[in-house]
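These notes open a run of structures that come right after.
There are two complexes below, and they share subunit A, which is joined by subunit B in the first and by subunit C in the second.
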Partner chain A sequence: MEKRFDLVLGALLLLCAVTLVGLLSGTGSQASQRDLRVDKALEQEIAYQAKVSFLERLYAPVINLRDSGQNESALLQLDELSRKYPDEAHGETLRGEILLQLGATQKAIGHLASAVRMNGDYVDKQSPLSRRGLIERLLASELTKFKQLAADNSASRSSQAALKDLYYLQGRLAGGCE
Partner chain B sequence: MRLALRDPHTWFVMLAGSLLGLAGVMLAVLGNPQNSGICVSCFLENSAGALGLHNNARMQYLRPELIGFVLGSTLAAIGFREFSSKGGSAPLPRLLSGVFLIVGCSVFIGCPIKLFLRLTAGDLTTLTGLLGLVGGGWLGLKGLAAGVDLGRSSKKSDGSGFWTPLLFVMLLLFLFVRPGFVLFSERGSAAEAAPVLIALGIGLLLGAVAQRTRFCITGGIRDLMIMGTRAPLFWGFIVFVLVAFVAGLATGNFRPGFYGQPGAHLDMIWSFFGMLLVGSVSVLIGGCPFRQLIKAGEGDADAGLVVIGMFLGAGLVQAWQLAGTAAGVPLYGKIAVVIGLAFILLNLLFFRDRAVA
Partner chain C sequence: MSLRIYAAFLFILLLAGCQGTAERPVMKIGYMNCNSEAETLTRFRPLTQYLSDKLEIDFQAIPVDTQDFPERFAAGEFDFTHSNSLVYVIMREEQQLELLATEQRGNYGSRTAGAIIAKKGSGIETLADIKGKRMIFGPQLAPSGFLAQYDLLLREGIDPELDIAYYAIPSGSFKHEKVVYAVYFGDYDVAAAPALDIELMTKDGKITADDFVILGQSPIFPYCTFGARKDLDPDLIKRFRQTLVDLTETDTVDYQGETLKVLASAWIDGFEALQDSDYDYIREMAKRANMPPYQEF
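Entry: the complex of A and B
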């Protein structure tokens, strides 16, 4: 009796194996395969691309003002947008870029670091949002300067905070697991 | 020391240590994230993301090395007739231990292997993590000496030891078939990876060697505390550190300092507590995350349950944003570590054979 039961179990297992092989090798109809396929990766990519184009559209007026040299107006426009979308990383990045152009380096560093803390895409080489080049240039020009200020004990609290942010950005550029 | 070096097993363990150190540096050179050539907790977080256990789009990749560790161990154990199903010791505490192992690792940003890869690359922020790991090992040992015992695993004839290797065979299939529900990051650290076949091959080799030698980082530290320099694992550990250091120097990856280190933060007190948790859990359950994978591969269903717990933990630390980042350790990450330490202390209280003490 037990032996017969084992045989039945063995046969059922074999049936499972054959079915699995059949399913994996695509013997089912193309249509049913399409129905079964849940391509989360594609959904994720579409959502990301949608986010990027939304950000481009949202901040287009700011970028236009900045490109036409109206940096102060661009900052006012950013203030307005940040009331509607507070703690939004792309706005922080743009604010950092504009402040850099205006020569307010310390503040710019803070905003850029804050943007990267919110979204690592800004230091990625592959991301369409990447500001890696800008951050590399910023580190090359400012890190030694702020280190020197700290070493001379002449650093204010705000420049100490900027140095901390520069170290953070340096760490993110260095890579590593997140 | 002389006694240890006369034993051929010690040399085999040292070979395992040197392979691990070399692979840890070279996998980063071949494409894995900087200082993360081998990091079991990072690999688990990546793999949990790939399986949809969290939705951090920058941390989703089925790491071939992880699959290689388990299946390499299985193949070696079967080949040398050491594969045997065993289990049945404190299943729920072991599952939760797996979760808290990953909580501790993620707050520190890395498993014990990565701690030393970071340290030998000059990352001085790991020093408090090292203190924590040693302190945790000491706490665990004190517990064991006081009679803490999770219970013995018993041999099983039901083949339960095959389930974890079979789970990893399924992951291997997913890696190559790539069904639509498995996610692979296009950005972030999970998009940085060594070529699949090389990573898998190295994983299989390390898994097999670690199965034969019982190599384990926390095991090396633990054995040093118990046996001093007579312990083979200690010598394997020393060789691992030396080889990683030399390989780091040779590949230009040695940059000593506290600042600007890859995958590191300056919340050093929490690095200490994170690794304190990892060290104490590891000693109590008989091995660090890497060793748990190897044991699961050789048929230990208890270790298999720890591995499932680690997967669960890897999903949770990302989904609940408990993991440390370069910006520091989030509040809920700190809370999770404190809960983990309370979990350990409660286990030290409850699983005591008071007659021993």
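Entry: the complex of A and C
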């Protein structure tokens, strides 16, 4: 009788041990999955910060020239960089900003719209790359003008293209349907 | 008998073909030479063929020297013009040339600008430093290679005729590149170079952005321009303009057995329909610099 009791007790202990091992291993796997998710988010953030930092370093000569009022030289630096990084979104943004200062508004609108098409960060308030303020000011000052220009000069494909780009930028600022 | 019917049918067909060709009008487009007649024709013959196909007119491309352009246009040698924007203004003032469309190329699109450059490290950092130095300009009737820089100097209180030790204009073709290289290799201290040429040379890797200091640059103004004789059919003028502004980079033309992209073969990004008032800045510069069409002696 005593021997049978020991057998039952042994079986119960074994069951507890197996359950415990199972529970522990389950918890561990959940923890490691959570760790993985944290790692992934961190990796993405680190990659993003690295990209922003790289762009700042890459375009530093352009920005320095622009900030010191040498817009024409800044454009030449951009032309040179565009040989290695053609149609790169940050370069497009800077080109748009500089052309705006030089009075080539129509071309500037095209470059800014192209940058936003390539990378939505330029209209994202939270992004260090954001040019939302600039685009808002551009819309405030140019949208009415280009509507009128396109209406007065229906033969001009380029003023129509600029108006289309302005509407696109306006739409991107407004955000999508959620 | 059937052979006779066949021969008669063939004859009628031939006759119809001959009549069709004879009915298509012939008109001439004068193209201003940038570097050489050969280059001008290579660039613009495919575009001319495209215009012929679209407008059902046999257009002939006539290469014209810049200096002769207004005179030859006034003499009725061609009906349509493609010239720089200063030559357009001259013909507008003197012959009431009708504005068609403005060429788009480079950073500024349908606009361009003139820059004054010096070699980096030469000690010339501002426009004030160029007094007493040797300067090289582009050709006299070049709005972004001569006029804009001449005017810029005058506006800065520097008289190119008095305050510069010596200035010259290179001979032959590729003058705009020559002025850049003249400064690069130290033959001259300062050069008047079109912003577009500096841009293209940088993009091509012929020079780097760090080779030069831009001492000053003019505001932007319209680039090369198509015009039409004032007494042409208004509907033709309208269709010609629309054909140009509708051109996209994917449009092609069959030319001498090849299918070519029209804009790329002419080194053009597109066309824009500007207003004549957009050329007012060129008029102001020409008046200040005492240049045609406002030159007084």
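Keep this in mind: the second predicted complex is superposed on the first by the 135 of 178 C-alpha atoms of A that agree within 3 Å, B and C clash if a C-alpha of one lies under 4 Å from a C-alpha of the other, contacts with A are read in each partner's own complex, and residues count from 1 in each chain.
Here is the rule we use: a residue touches a chain if its C-beta (ideal position, glycine included) is under 8 Å from a C-beta of that chain, and two chains touch if they have at least 3 such contacts.
Note that the structure is predicted; figures quoted are calculated from it, not measured.
Enquirer: Clash or fit: subunit B against subunit C, after overlaying the two structures on subunit A?
Expert: Once subunit A is superposed (C-alpha atoms), there is room for both subunit B and subunit C without a clash.
Enquirer: Counting only touches as set out at the top, which of subunit B and subunit C does A:Y168 meet: first, second, both, neither?
Expert: The first partner, subunit B, only.
Enquirer: Could you look at A:R117 and tell me whether it touches subunit B, subunit C, both or neither (first, second, both, neither)?
Expert: first
Enquirer: Let me test your reading of the model: by the given contact rule, A:Q126 touches which partner, first (subunit B), second (subunit C), both or neither?
Expert: The answer is first: A:Q126 touches subunit B but not subunit C.
Enquirer: A:S73 in the overlay: touching subunit B, subunit C, both, or neither? Say first, second, both or neither.
Expert: Only subunit C; A:S73 stays clear of subunit B.
Enquirer: Give one of first, second, both or neither to describe whether A:L102 is in contact with subunit B, with subunit C, with both, or with none.
Expert: Only subunit C is touched by A:L102; subunit B is not.
Enquirer: Just the number, please: smallest Cα separation between subunit B and subunit C in the overlaid arrangement, in Å.
Expert: The answer is 17 Å, the least C-alpha separation in the overlay.
Enquirer: Once bound in the complex, which stretches of subunit A touch subunit B?
Expert: 24, 37-42, 44-45, 48, 117, 120-121, 124, 126-127, 167-168, 170-178
Enquirer: Subunit A touches which residues of subunit C in the complex?
Expert: Its residues touching subunit A are 104, 107-111, 113, 115, 195, 198-199, 202-203, 205, 208-209, 213-214, 217, 219-220, 241-242, 245-246, 270, 272-275.
Enquirer: What does subunit A use to touch subunit C in their complex?
Expert: Per the stated touch rule, the residues are 70, 72-73, 75-77, 79-80, 82-83, 95, 99, 102-104, 106-107, 153, 155-159.
Enquirer: Would you mind writing out the residues of subunit B in touch with subunit A in their complex?
Expert: Touching subunit A from subunit B are residues 33-36, 39, 42, 45, 52, 57-59, 109-110, 114, 177, 179-184, 186-189, 191-192, 259-266, 323, 325-327.
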